[in-house]
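Given below, in the form of structure tokens, are the structures.
First subunit A sits with subunit B, and in the next complex the same chain sits with subunit C.
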Partner chain A sequence: MNFFLQQLIQGISMGALYGLIAIGYVLIYNAWGVLNFAQGDMVMIGAFAILIAHVYMGLPLLIAFPIAIIMCCIIGFLVEISAFRPLIDANNTRRLIATIGVGIFLRNLVRVIFGADPYPFPSIFGNTAVNIGELKIIPQNIWNTVIGFGLVILLSIFLKQTHIGKSMRATAQDREAARLMGINVKKNMSITFIISSALGGFAGMLICPVFFVIPTLGTLMGNKGFAGALLGGITSNPGSMIGGISLGILESFGAGYFSSSVQAGIAYAVLFLVLIFLPAGLLGKKESRKV
Partner chain B sequence: MKTFHKLYRVSRIWILLLIVLTLPYWIPNNYYLQVANLGMIFSILTLSLNILAGYTGLFSVGFIAFYGIGAYTSAIVVTRLGWSVWVGFILAGVVSSLFSFLLGLPTMRLRGMYFAVATLAFGEIMYQVFLNWTSITGGTKGIKGVPSPEFFGISLRPYSKYFYLILAVLVIVILLTRNLINSRTGRAMLAIRENDIAAEAMGVDVPKFKMIAFLIATFFAGVAGALYGHEVRYVSPESFVNAESAAVLAMMVVGGIGSIPGSILGGFILTMLPEYLRFLGNIRLVIYGAAIVAIIIFAPKGLGGLIEWIDGFLSGTLKLGTHKKSTEKVEGENGHS
Partner chain C sequence: MPILERMSNNMLKLENVFVNYANIQVLHGINIEVKAGEIVTIIGANGAGKSTTLKAISGLIPKTLNSSIKFLDEDITSLQAEKVVERGISLSPEGRRIFPDLTVTENLEMGAYLRAKDKEGVKNDMKEVFTMFPRLEERKKQSGKTLSGGEQQMLAIARALMAKPKLLMLDEPSTGLAPLIVKDIFEIIKQVNKKGTTVLLVEQNAKIALSVADRGYVLKNGNIVMEDTGKNLLKNELIRAAYLGESTYKEKKA
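Moving on, here comes the complex of A and B:
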């Protein structure tokens, strides 16, 4: 039973991060109509941003975190304005390829600057496990979960309650109608990209102590986050968190009860199975398509 | 001027043929000849991706996996089973198609980006198979000593001779692709690309034609992989990492989505260019990424559009203003449609 709970906690904490990445996919999918294949690379950018701020510049974490997030926002904005904004009215195919191009660009730019070697990152919350009853819990796990859920709740409040959030949802629903209602669609697009970059980057920062910081981190985490987003339903914000956490738990149990080599394949297996049997995901609505 | 246009129209194919056939004599350096061969192999691969992505609208982000399957199939049956290299070439295509059939059965119902994601996962999985199934693929060590083919007793081992084999395959692939596009199947594929629901309403069996495109494209990709294996005579997993899929995608986009001459030039030039720009090192892929985005934004027809324009200009069929914007058929499509 203890082992079960232990794996569950581990899975939830990892899943919360997947959820954070997944929600970035969902936000952009809703606003823009295609998957952003560069979303995973924003996770990697986040990891390198905190590496620069904390390890290279030697800033304390409380200052390093906001700086790294601002870096992510700036990069997300630059990407949006240079690569995605010119394609705002282009067809889906061109936009999809553009996101792939951006992903290749970011990944390899970081590789050229930092090299392909993995960088270790010091633990943020300490490595000593806290004993709760019989369970040993690493503080990082708790913080991942808390921050992950906190950000998603904040995001949904932001989307439901604020003026910008409402206009973002309107833009996502019908871009033309939103434009006619006097909503600044371009500005909203930028904000959407900045928020999803920041969320992806945040997940990258939290992952740093668990994984090594490496340019291909984005591909790995991007695929996990994407599998989570698809499992939850690619159009649903809360769905992506549920999908991410489900994936995290599945992976954790796969690693715990079978072997760690099973873990790597689970995301892809989930991806295939969802694509085939449950294309709308757990919470997504079935899309009706028009010619 | 009129006579010039006429002369050009009559002679263009012969001039092109002359240039291509004498290419090995222009490139005396054996190393660059090998790169040129590799460039043509990538032309075949790019063209096959174009059948799938450019003409049918199915974006494969893990396409290099089929190239790898072809390379491994041929290398395995030739080195382990001692079969003829020519059988290896055919089998490479067949096995590659077989894999695409199995992958296609569940994924043919998927639309654009979902299909892209499924192929991405497939590419990752195949790379792991190449890497970890040591008893068959040799793991990280790969398969050494893949023999060169012989053609009626003439060894095709020298790059200057192997060149003609690749050229022959390339020409066959070009002709087949051209005929395919102009056939009923090809028109069905184009209809699916433009709008799959409309195509279905017009009576096109969408999953069937998607599958046909997938099988044909992966057959060519498998043959290209076998050509690669027998050229470098060594097959290892590093040649089939997912970054290579991105490179092939870049070749297709730079060449021009849905353009045959564009694919050939895109594959060839983007293979040759890094060799001449070796000092750039890893920046190659950075430039690829930026080039993909730039071409998608500024010149969606890529090099193919440029060739069409020059060809139209020289042959006097160019009408000003007609070469623009003709591909933007689904312009303004809403994200959710």
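Moving on, here comes the complex of A and C:
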């Protein structure tokens, strides 16, 4: 029983990060009508950003985090104006290829600057486990879960309650009608893009102490996030969080009860199974409303 | 109507407006005028260019050559859509185009997007809109996509009104509605107009459109082919035969 709970907690904490990445896919898909295959690379950018700010510049985490987030926002914005905005009216294949291309570019740019070797990153939240009954929970697990859920809740409040958030949803639902309301559609689409990039980057920062920081980190994490988003239905924000968490739990059980090689294949298995048997995901729309 | 008198008599003036889609020209230099306080309608067959005209005015599509669109004596020919609303022109577009996953209230708030600072005013106008369309108030927490076609049409009109436009443009507000509801909607259009909003109306239902309109234009294959008062157009034999679906035989019998 304890082992079960232990794995569950581990799974949820990892899944919360997958959820953050997944929600980035969903936000961009809804607003831009395209899957952003560079989303994973924003995770990698986040990891390198915190590496630079904390390890290289020696800034304390409380300052390093905001700086790293700002770096992610800036790079996200640059990606948007270079690879997304110019192609906004192009056909889907071209847009998709552009997102793949910009991902490859980011990965290799970072490799040129930092090399292909992995960088270790110190623990962020300390290593002293908290004992709850017989359960040992490491702080990283607690904080990942709290921050992951916290950010998603904040995002949902922002989108549901604020004037700008509502106008961002309107923009994603009908761009032309939004313009007729006087909504600055370009600005809203940029904000959506920047938020997605920052959420992906945030996941990358939280994941640093667990994985090494390497240029290919994004490929790995991007696939997990994508599987989570697809499982959640690709158009639903809560769905992507649920998808991410489910994937995290499945992986954790796979590793715990079988082997870590099983764990590595789960995201792909989920991708295939969802595409074949559950194309609308858990909370997605049955029909696609994108034209 | 003292406010109206102070305004330029010519509210909207289209001169020589050309529109191309890719290589096909669909508007061939049309001229339309709307005076402050009027209800003006554009009628025409499917594909005549009615929606294109409204989209061209609202800034959604670019105009070519020497097209000129003036609103309150200011040139708005090359303004983008989001700037045109700011000047006081709102469009309730063809096909409703409400936001499907926003609630009725949120849809209305988006209509008043540019008036966010005027919280009091928006609140009052929302109340007023709800008295015009009580069905919308009953459904204010429902998402747009769960409304019936007629309710969605009401929402589209209400949303356009929430911008407090000087000129309200409606693209086929009667589409898909039961006759009784069409009557209600045109009553509301008249009411809105009486309160000082100028209306430019595009309709398939030429009969009802001409009966509420002060003046009407007939658009055919991208050209204005006739222009007169609503009353005269309604009496015109050619119009009756072509757009009111009445044969001369029926005419004589009546």
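What we mean here is this: the second predicted complex is superposed on the first by the 287 of 291 C-alpha atoms of A that agree within 3 Å, B and C clash if a C-alpha of one lies under 4 Å from a C-alpha of the other, contacts with A are read in each partner's own complex, and residues count from 1 in each chain.
The working rule: a contact is a pair of C-beta atoms (placed from the backbone, for glycine too) under 8 Å apart; a residue touches a chain by one contact, two chains touch by 3 or more.
Worth saying up front: this structure is predicted, and the values here are computed from it rather than measured.
*Asks:* Is this a clash or a fit when subunit B and subunit C both end up on subunit A?
*Replies:* fit
*Asks:* With the two complexes superposed on chain A, say which partner A:H163 touches: subunit B (first), subunit C (second), both, or neither.
*Replies:* Only subunit C; A:H163 stays clear of subunit B.
*Asks:* Put down the vertex angle at subunit A formed with subunit B and subunit C, C-alpha centres only, nearest 10°.
*Replies:* Result: 90 degrees, to the nearest ten.
*Asks:* Applying the document's definition of touch, where does A:N184 land relative to subunit B and subunit C: first, second, both, or neither?
*Replies:* Touch status of A:N184: second partner only.
*Asks:* Can A:I74 be said to touch subunit B (first), subunit C (second), both, or neither?
*Replies:* A:I74: touches no partner chain.
*Asks:* Quick one: classify A:R175 as touching subunit B (first), subunit C (second), both or neither.
*Replies:* first
*Asks:* Of subunit B and subunit C, which one contacts the greater number of residues in subunit A?
*Replies:* Greater contact footprint in residues on subunit A: B.
*Asks:* May I ask you to decide whether A:I276 touches subunit B, subunit C, both, or neither, giving the answer as first, second, both or neither?
*Replies:* A:I276: touches subunit B, not subunit C.
*Asks:* Report, in whole Å, the shortest distance between any C-alpha atom of subunit B and any C-alpha atom of subunit C after the two complexes are superposed.
*Replies:* Once the two complexes are overlaid, subunit B and subunit C approach no closer than 10 Å between C-alpha atoms.
*Asks:* Where on subunit A do the contacts from subunit B and from subunit C line up?
*Replies:* The overlap between the subunit B and subunit C interfaces on subunit A comprises residues 174, 176, 289.
*Asks:* Would you tell me which residues of subunit B are touching subunit A in their complex?
*Replies:* Touch list, subunit B to subunit A: 57, 59, 61, 106-107, 110, 112-114, 116-118, 120-121, 124-125, 128, 195, 197-198, 201, 242-243, 246, 249-250, 253, 257, 281-283, 285-286, 288-293, 296-297, 300, 328-337.
*Asks:* How about subunit C: which of its residues touch subunit A in the complex?
*Replies:* For this pair, the touching residues of subunit C are 58-60, 80-82, 85-86, 90-91, 93, 97-102, 106, 109-111, 113-114, 116, 159, 163.
*Asks:* In their shared complex, at which residues does subunit A touch subunit B?
*Replies:* 30-35, 37, 82-83, 86-87, 89-94, 96-98, 100-109, 111-112, 174-176, 219, 223, 226, 230, 264-265, 268, 271-272, 275-276, 279, 287, 289-291
*Asks:* Mind pulling up the subunit A residues that touch subunit C in the complex?
*Replies:* On the subunit A side, the touching residues are 163, 166-167, 169-170, 173-174, 176-185, 289.
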